[in-house]
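Here come two complexes built around subunit A, the first alongside subunit B, the second alongside subunit C.
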Partner chain A sequence: MRQPSFDWTQGPAIPVVSVLFALVLGGLFVWISGHDPIQAYAALFRGAFGSPYDVSETLVIAVPLLLAGLSVAVAFRAGLFNIGAQGQLLVGAVAAGWVGALWPDLPGILLLPLTLAAGVLGGAAYGGIAGWLKAARGVNEVITTIMQNYTIVFVMHWLLQNGPMQAPNAFGTPASAPIGAGAILPIVLPDFLVPSSRLHAGIVLALLATLGFWFLLWRTSLGYELRAVGLGMRAAAQAGIDPRKRMVIVMAIAGGFAGLAGMIQVSGLFHRVYDGFSAGFGFDAIAVALLGKNTPVGVLLSALLFAAFSRGGTLMQSDAEISSHLVEIVEALVLFVIAAETVVRAVARRWGRPVKAAS
Partner chain B sequence: MDTPIVEMARISKRFGDLQALAEVDLTVHKGDIHALVGENGAGKTTLMNILYGLYRPDAGTIRVRGTEAHIAGPRDAIALGIGMIHQHFMLVPPLTVAENVVLGDERGGPVLDTRGIEARVAELEKRFGIQAEPRAKIEDVPLGIQQRVEILKVLYRGSEILIFDEPTAVLTPQEVDDLFHIVRTLRDEGKTVILITHKLREVMAVSDHVTVLREGRNAAHLVTKETDPRAIAVAMVGRELRDIRVRPGNVGPAVLEITSLSAESDRGGLALKGVDVEVHAGEVVGIAGVGGNGQSELAQCILGLRKVTGGVIKVGGSDVAHDDPRRTRQRGVAYVPEDRRAEGLVLPFTLADNFILGRQDQPPYARRGILQGRVIRREGERLAKEFDVRPPDPDVEVGTLSGGNQQKVVLGREISESPRLIVANQPTRGLDIAATEYVHERLLEQRSRGCAILLISSELDEILDLSDRIAVMFEGRIVAVLPAAEATEERLGLLMAGHVEGVPA
Partner chain C sequence: MKRLLAFALMTMTVAAACGGGAGTASPSPSAAATSAAPSKTAAPTAAAVKVGLVTDVGGLNDKSFNALANQGRLDAEKDLKVQTSVTESKKQEDYVPNLTNYAQQKYDLVIAVGFLMTNATWKVAKQFPDVKFAIIDGAPANDKGDTENLPNVANLFFKEQEAGYLVGVIAATMAKNKVGKATHNTVCSMGGIPIPPVDRYIAGYQDAVKTVSPTTTILNGYSNDFVDQAKGKEVGLNHISKNCDILFQVAGASGLGYIQAAKDKGVYAIGVDADQAYVAPGTVLTSALKRVNKAVYDTIKAVVNKTFKAGDNSFNATNDGVGYGTLDPAVPADAKAAADKALADIKSGKITPKDAVQVK
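Take a look at the complex of A and B:
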């Protein structure tokens, strides 16, 4: 049997080409709108990486994106489409904000792990519901997770707007009481290195989670089973791997990653939960996972890229006076090209390689 | 001697680094049924795709009726009177038989002359003895009739040379007989037929001449009347065949005991209506039957993949009817599924990973939930060598292997744990002679080890060659159980078609 010749549709080629293609097309839009694309992208880059402070701000955005991206990616590996990272993130944030404020005087060595556990378990439970509905009732996880995203938003309205979680002295502001000092993630960059950096220890947790993602999927029996279910459900089932159980487990794991993202936003950044909290990360996470091809390094890199877009776009607007919507256009184009990958692949198969001789 | 109607000379074709055809000759005379045979990968379909214009040859000439032809596409081929009946039908299900026949060749104006079309189609049916109700919708007629529609399509376009690509793969034995009747009528009406197949029985039954290809080269050209199946097989495989015939063995106690088993099909009706069957240690029980009479459901029930609605399945004395696949397998049940690509293997996984499927959480492959990568790779390499998988590379993706090698991976995984019962559903479907021989040898090896084997197959030859006892399944029931010595093809054929013995039809 001959080895198949090099297949350029594997590996990082397609994501890289997609991003470049999207940037070129985006530049075209800038040019049409009467600006200089080179200048625009220079401003974007400066905004994201221009100074140590900008880099640290980019990383602050990358942390939740990375975790939510891992959430979507782990579900993908088992063949499920988790649109609910956003909702799971919010549940994790609410659980962490609640526990963190419940015993504000506990020392950090107790309170931080408790807060972390609350965030992860909250997200896991929320994700697990979608997995269970799929396994037990055959309800499409795309539908349930989308609905769950709305549910938690309204539950948060209720909790925070004159509800049980609203801070006692908030006077109508929809925000929770601040978490105890022990639940706060420390800033990792000291002032003499990067003055007033907001980059917190959540980045360490996110990197550990990325390592955990890799270890789980490629080094454990459970990870093997999840991938087997994702790539060959019937083969897995006949070999004694019950796909339904694995669906519940993987959705709980996915929810756990997203819940951790929510916990980190609370413990590292805002120190409380408020209405309208961290909107949108869970949706960008779908793009992050797709662009990263559900691999740990890929998700890490694409989380950085999307964070840079987000941070740089804001600055581009103020510096170069180009609407930050351009960034949204570029992000959309990246998604578009990634989505077209299936088409590209099909074309590559058809023209790049002969149809197998089958007689 | 008259000019051959088709003369392909020194045809070569290369795909990447694979030499699919090397200087192959094929000469077909008018009014002949010419069988083109060979193992999988021998180049039969490639050669015919060249004749039909789907591929361009790298070298060689094609003459049709004595004139050199440059066939750039199917359009050119059709203009030369060449038509192809593909293995996978290309019909539009909601349209009628007649509409499908004229599809792509609607004569006249924009308005379909339905009555005229039906009349023309009916005329073709009459002339060639092909019965297919012109007004029936394709989605309502069985595969055998759909194939007739494909034949009518080709005839409607005025084809003189008809290429059949593995036409019997999807047909029941009865439908195969009908097809051969049609093929003979076509010949008698002056058409020329080229039949691609690897089934020797069909070659002997219907062809006049045989061209054998092996590994992209001419291996033999034979006149059917002057040869025998053995000679053709030797030319196909390139060596003498081993004689695989079951010899009486030592039959032990019952391993599998099924009593009045019932289960539903996916569509909700009853697929199994009280099945009773027993398989003893050291015995092969063949389940013969036309596909779709409950055989697959029976296998799935034994494994625990389908809900049992009534009855008992005992393995080694304990009832497993309501166990899940994991628990059933722990009792020593192995399974060779019908569809190896979807059910037997995780195609994007490596060879080594596929060998541990189902044992991914057990020592030595995993300890405390952590995979032991080195052990898995080493085992993969060892099993690949032991079961002659090519290439024996533990890191190769199984999706890239040939069908025969994929089946070796499934079989190797299933028998490496020394099971006490093997449920094998169509274990050689789509495999060529050499791979089939390999699978049969391995199964019989397990039988002599004392393993009980339930063999489900729609190939009568396979059932007859391997079984100690043969159970015939029809409409969800076992209608007869015969010792292999008393079974003949005719008797089985009748039972499979639902004729109950002892009751006059």
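Take a look at the complex of A and C:
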């Protein structure tokens, strides 16, 4: 086959079509359940973007989704499937929560970078383990990262339920001691602009990380090597790139992104670590990366979309009395359509041939 | 070129599908109008009180705590002509925005379901002093974790140990007399996570067993989860392997797995919060009831009648805030009689069930 001048399957067409398709199908579910889909989606939209406060809340959710999405995406670029963003996020949160509370009286200029480093390095180390197991022992990273997700959850139970990290006076719930004031990310929207906004400086960090993701993959030789490994491991090895070494590095980078997400949830939102912390972001992140086609802009946009679904879905329930689980159906449908991309491609090629023959 | 053409074709097909979807959907408002948002269309009277309920991460289908609170909301909507709405929280991150959402819309009463929202309620209630809040199973807690009562927050507490005591009496009587499948003189309990409301149930249960039948072996465990049934089942199977034949669950939806284990292995279970007899008839002996619906209903009523009381509000055996549920036919008459006597004794103050867990 000749090289096509324009390959629409590489552009935004498939993600956009997937989302539209999922929305239409989701609307059908709303209709079957006896509600008005237009009203439902209007409530969803209002919930996500209806007021400045709603927008700021949507962004609060988008921040961890974006970072965890970058974590999954960077691994995808190197041909690895990182299911472990959730676990890496939790390790980052635990590390940040621990360091942030260790020296609560340190000034912010010291404590914030320390907390940040703890979160990123914690996540990176955890991700790196999966990379190393794959490189040294050939253990599939899908298996190890799934297992790691469970491991950290149970480690957190131990740490926080009458364990070494539980604060003596933490609402009686399993939670750690609060981090020092210096480790807290400031709120970026002042009260006179958006009253009681929770949007914190984590959004700046997340955007910088997105820029870093782009720079790493497309402007550094390491990024070139990672993408080469992702495109074809044997070819990369032939070209003198040791894929095994890159596996460890890329899983550590992936873990670093997710760890940053965990650190930001601690420093920006909770100011401590809870048992049952930030459930599910790391799993939604897989959808975010897939929908965003592992590109920086794509991941950014799909993180926003999923955040809007999440925020809007809650409001859809209170305003239109439609179960917020509908949103989960739509999210699943998006994934479903994306997963069917190969089928769509095959169908599109089929369609293409007779057209050429006829012309 | 052919790809462009294919793309155009695809787009047209999808557009057609979208159009079709919208077309089939548009006649629905007639159907939807009847079912959608009854509370909105229920023609609120001039000064209809607006009540918003925020669930914790257990969600509305936990067949327990959140479901009961929602029942209280629906009952109040029907009886008291109030306008109500509910929001399910999916993550701990959601508590503050969900509460804030109602407060911003100037709801009269915002109810936070669950102990996990003490800090979130404190934060939001402080920002909206004109809105009344109620929190089930907790009191507002500031960022340090200290309880800080606020003039606009009612803390709805339950004496779970009293409900735990009542079902404990039934369990102990049956274990002592080796009734039916309870042949090993061993009773167990499983909490979700060891937080005070959970542990109060277990404490009352253990207190009753120790009082009624000192020779009975007691085991306790935690599933470390309020949602995952698999974890509850795992603990249940483990307890049964250690000869437990009466299993008391205090773990929300996770506890349904604990009951399932009892059902699978042919032993008895005891439900919690709601009447869970229907979950597994023949297995569930009874349930330790915590009438969250009553607490929600009474609090809404207090707002309507302008008798809202901030600070601690206690729901206990005396005001029917707690009790025991439907009894399975497997429960013998003497066990029921013993439970009823214990209930009377608690009401008269003759018995004060312990609220600290003895067997961890």
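One rule holds for everything that comes next: the second predicted complex is superposed on the first by the 344 of 359 C-alpha atoms of A that agree within 3 Å, B and C clash if a C-alpha of one lies under 4 Å from a C-alpha of the other, contacts with A are read in each partner's own complex, and residues count from 1 in each chain.
Following the convention adopted for this analysis, contacts are C-beta pairs under 8 Å (C-beta built on N, C-alpha and C of every residue); 3 or more make two chains touch, one makes a residue touch a chain.
Predicted model, so just to flag it, every value in this text is computed and none were measured.
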Partner chain(s) touched by A:E225 [first = subunit B, second = subunit C, both, neither]: first
Which superposed partner A:Q317 touches (first subunit B, second subunit C, both, neither): second
Larger contact residue set on subunit A - subunit B or subunit C: C
Which of subunit B and subunit C A:E57 touches, first, second, both or neither: second
Touching partner for A:Q238 - first (subunit B), second (subunit C), both, neither: first
Touching partner for A:H35 - first (subunit B), second (subunit C), both, neither: second
Partner chain(s) touched by A:V188 [first = subunit B, second = subunit C, both, neither]: neither
First (subunit B), second (subunit C), both or neither touched by A:L207: neither
Where subunit A meets both subunit C and subunit B, residue numbers: 4-5, 353, 356
Sites on subunit C touched by subunit A in the complex: 1-7, 9-11, 14, 17-18, 21-22, 24-26, 28-29, 31-32, 35-40, 52, 57, 85-94, 96-98, 100-102, 104, 115-116, 118-119, 127, 138, 141, 143-146, 193-196, 222, 224
Subunit C-touching residues of subunit A, taken from the complex the two chains share: 4-8, 13, 17, 20-21, 24-25, 27-28, 31, 34-39, 53, 57, 60-61, 154, 157, 161-162, 167, 169-175, 178, 196, 198, 265, 269-271, 274-280, 310-311, 314-315, 317-322, 324, 348-349, 351-353, 355-356
Interface residues, subunit B side, partner subunit A - complex: 15-18, 20, 38, 40-48, 196, 213, 303, 305, 324-329, 335, 337, 339, 342-349, 353, 356-358, 360-361, 366, 369-371, 373, 390-391, 396, 400-402, 405
Subunit A residues within the subunit B interface of the complex: 1-2, 4-5, 218-225, 227-228, 231-232, 234-242, 353-354, 356-359
